[in-house]
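I am attaching a structure below and will ask some questions about it afterwards.
A, B and C label the chains in the order they appear, each numbered from 1.
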């Protein structure tokens, strides 16, 4: 069962060309050049303040770069077939099912299609028993599961995840990782930040390593973990504090 | 869920609701009158008789005399019924009213604490009564609102040769009832129309301490607002009300209104 | 003389038609005003929370200040507008319940707008990225934020209802306190006080207080329920 768009014209690859972002003249992210190819699992790593979350927000189109370009295969405009899961997802004050329905209604899908999609999503993620529960009253793990389900229901070609399990306990984290792996196997491109080295090793195909707002390493995950080329990445993997 | 497409129709239906409200098929006129007539209950007594006879509903807005005349000048009433002769005549001569008719009179009385510190019970006339209050600097509660009663009070001070001021002179700037409530609390003397006084229950220590002087007689006039100035004035129905109230039936209705067995208003339409 | 509580109880128990008429009119006027103020004020307040334009701060300050608009001033403004000598005189609305609704709407609107702005602004800070990510632009976010802020917004609407149902200055001026036509509980209280009929005035006050109390209790209960139910 794959979430398939009606007109699956690919929005990928996403090409970042010298992309940067500055606030009041102070650059927070500079000169990022990178291609995100279809079907990849890209893990974005780096210390706190390296610009990982900002990087995701720029890619996702929540903010626009102040320098350089962000170009989808479908054009410069913000591509629709993408979704993002935040570290602390905002669930609306309504039922689980209504939360799943919300982005579909925004998309303007007909009622029957929405009802069918919501039912399918509830089934797919084992949320049937929770369908009528108020989303805000779910546990942290359930909330994040719902956020992932909501993202999946939007049938994205690329899914951005910003530290999706950093606030969760190990068993909930495991469930989230399994979901991400399944999404990837369905062909959804994954771009994810994480602090958790184990998680990065388990999920990563590619690693982009950010240091002080710059992309200093971008390699296949196996190579990166086997022998990082930059001293900053080496120090990071060794658990040293780097600034 | 609140969606814009549901808010907009609800706003529209809300507006439609206000638009529909004024629709009242019944024939009515608006009369601007004084608080004294409304507060005493006179209108409540006589208006049903008029409505039964003609089918015209009379909506009474009770205000101070000054405000009632202003309501008439602005065209917000069809008829005014007040008691300040000079102002009423100016109202007509300035073209705001058609013609003034005598309707009835009642009288003013001076009420005060029953121990009567200024000795008003011994006064020979109203002017000397007022002079005695000022002389004793006994508390006096004034309407202070340019109402007919206030105008009458100021005329009495002038007749007494007194310019009222000082801590004993309390200008309440409010209606008759509120002024009497103040007077009962202080306690203070106050000039009031007999009608309001008789139907007023919160008297405390107050009693009538002076009454009967002719200058205390308080004549009510009734005037149709000039339709030449305000074309929307319901001249026909307004005139019907005036004709009725100065007719034998209307005058008898006024006489028949009593509070505690006492007649409050005395017909005076015969003396035009 | 019976105490005011006895008078109040007897008035209610007897279902005195004049009293019922007064209560009915009071509720009709105030509830209609609340309804209109919400229909206008909720979207406007939300728009004010999300929009960015020159002079926005000034607009916010003005609406905040208008929350303290004295009812008599609101009444006077509406009076001058609706008077036969005023710009809308031909509508013949002065001394009608409609005029009272307009005046009370004017009193409630700033409360609804200001409170909505503040609630929606806070929610927007929390929801902005998520809603944009899900595909909702600012305009489309408005109904979502209003709905998710519904429990807090109810408090504002109640404050508006309280202000309108308690005020006498505006309805007295524009309604004229005409018996059986524009006499509300508050103007009747004013009249009965002026007549020295304090017992009746207090009785009406008790009825008004009871109604307000009941409504607030119901709303509080609904709020508690919604918090427990919806998180």
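Methods note: contacts are C-beta pairs under 8 Å (C-beta built on N, C-alpha and C of every residue); 3 or more make two chains touch, one makes a residue touch a chain.
Not measured: the values here are computed from a predicted model.
**Q** Graph of touching chains, which shape: line, ring, star, complete, other?
**A** Looks like a simple chain-to-chain line, open at both ends.
**Q** Which chain is the middle one, judged by CA centres?
**A** Taking the mean of C-alpha atoms per chain, the most central one is C.
**Q** Could you find the chain whose CA centre sits the greatest distance from that of subunit A?
**A** B
**Q** Using mean CA coordinates as chain centres, what's the gap between subunit A and subunit C in Å?
**A** 46
**Q** Give, as an integer number of Å, the spacing between the C-alpha centres of subunit B and subunit A.
**A** 78
**Q** Rounded to a whole Å, what is the gap between the Cα centroids of subunit B and subunit C?
**A** Using C-alpha averages as centres, the distance is 32 Å.
**Q** In subunit C, what residues contact two or more other chains?
**A** Answer for subunit C, listing residues that touch two or more other chains: 147, 150.
**Q** Would you give the residues of subunit B that are in contact with at least 2 other chains, written as numbers and ranges?
**A** Only 1 qualify.
**Q** I need the residues of subunit A touching at least two other chains; which ones are they?
**A** 94
**Q** Any idea which subunit A residues touch subunit C in the complex?
**A** Counting only subunit A, the residues touching subunit C are 57, 60, 62, 80, 83-84, 86, 89-90, 92-94, 102-103, 106-107, 134-137, 150, 154.
**Q** Which residues of subunit B touch subunit C in the complex?
**A** Interface residues on the subunit B side: 1-4, 7, 10-11, 14-15, 17-18, 21-22, 30, 35, 38-39, 43-44, 59-62, 73-76, 175-178, 180-181, 196, 199-203, 230, 232.
**Q** Enumerate the contact residues on subunit C facing subunit B in the complex.
**A** 1, 32, 35-36, 39-40, 42-43, 83-86, 89-98, 101-102, 139, 142-143, 146-147, 150, 176-179, 181, 191, 193-199
**Q** Report the residues of subunit C in contact with subunit A in the complex, numbered from low to high.
**A** Subunit C residues touching subunit A: 126-127, 129-136, 140, 144, 147-148, 150, 229-231.
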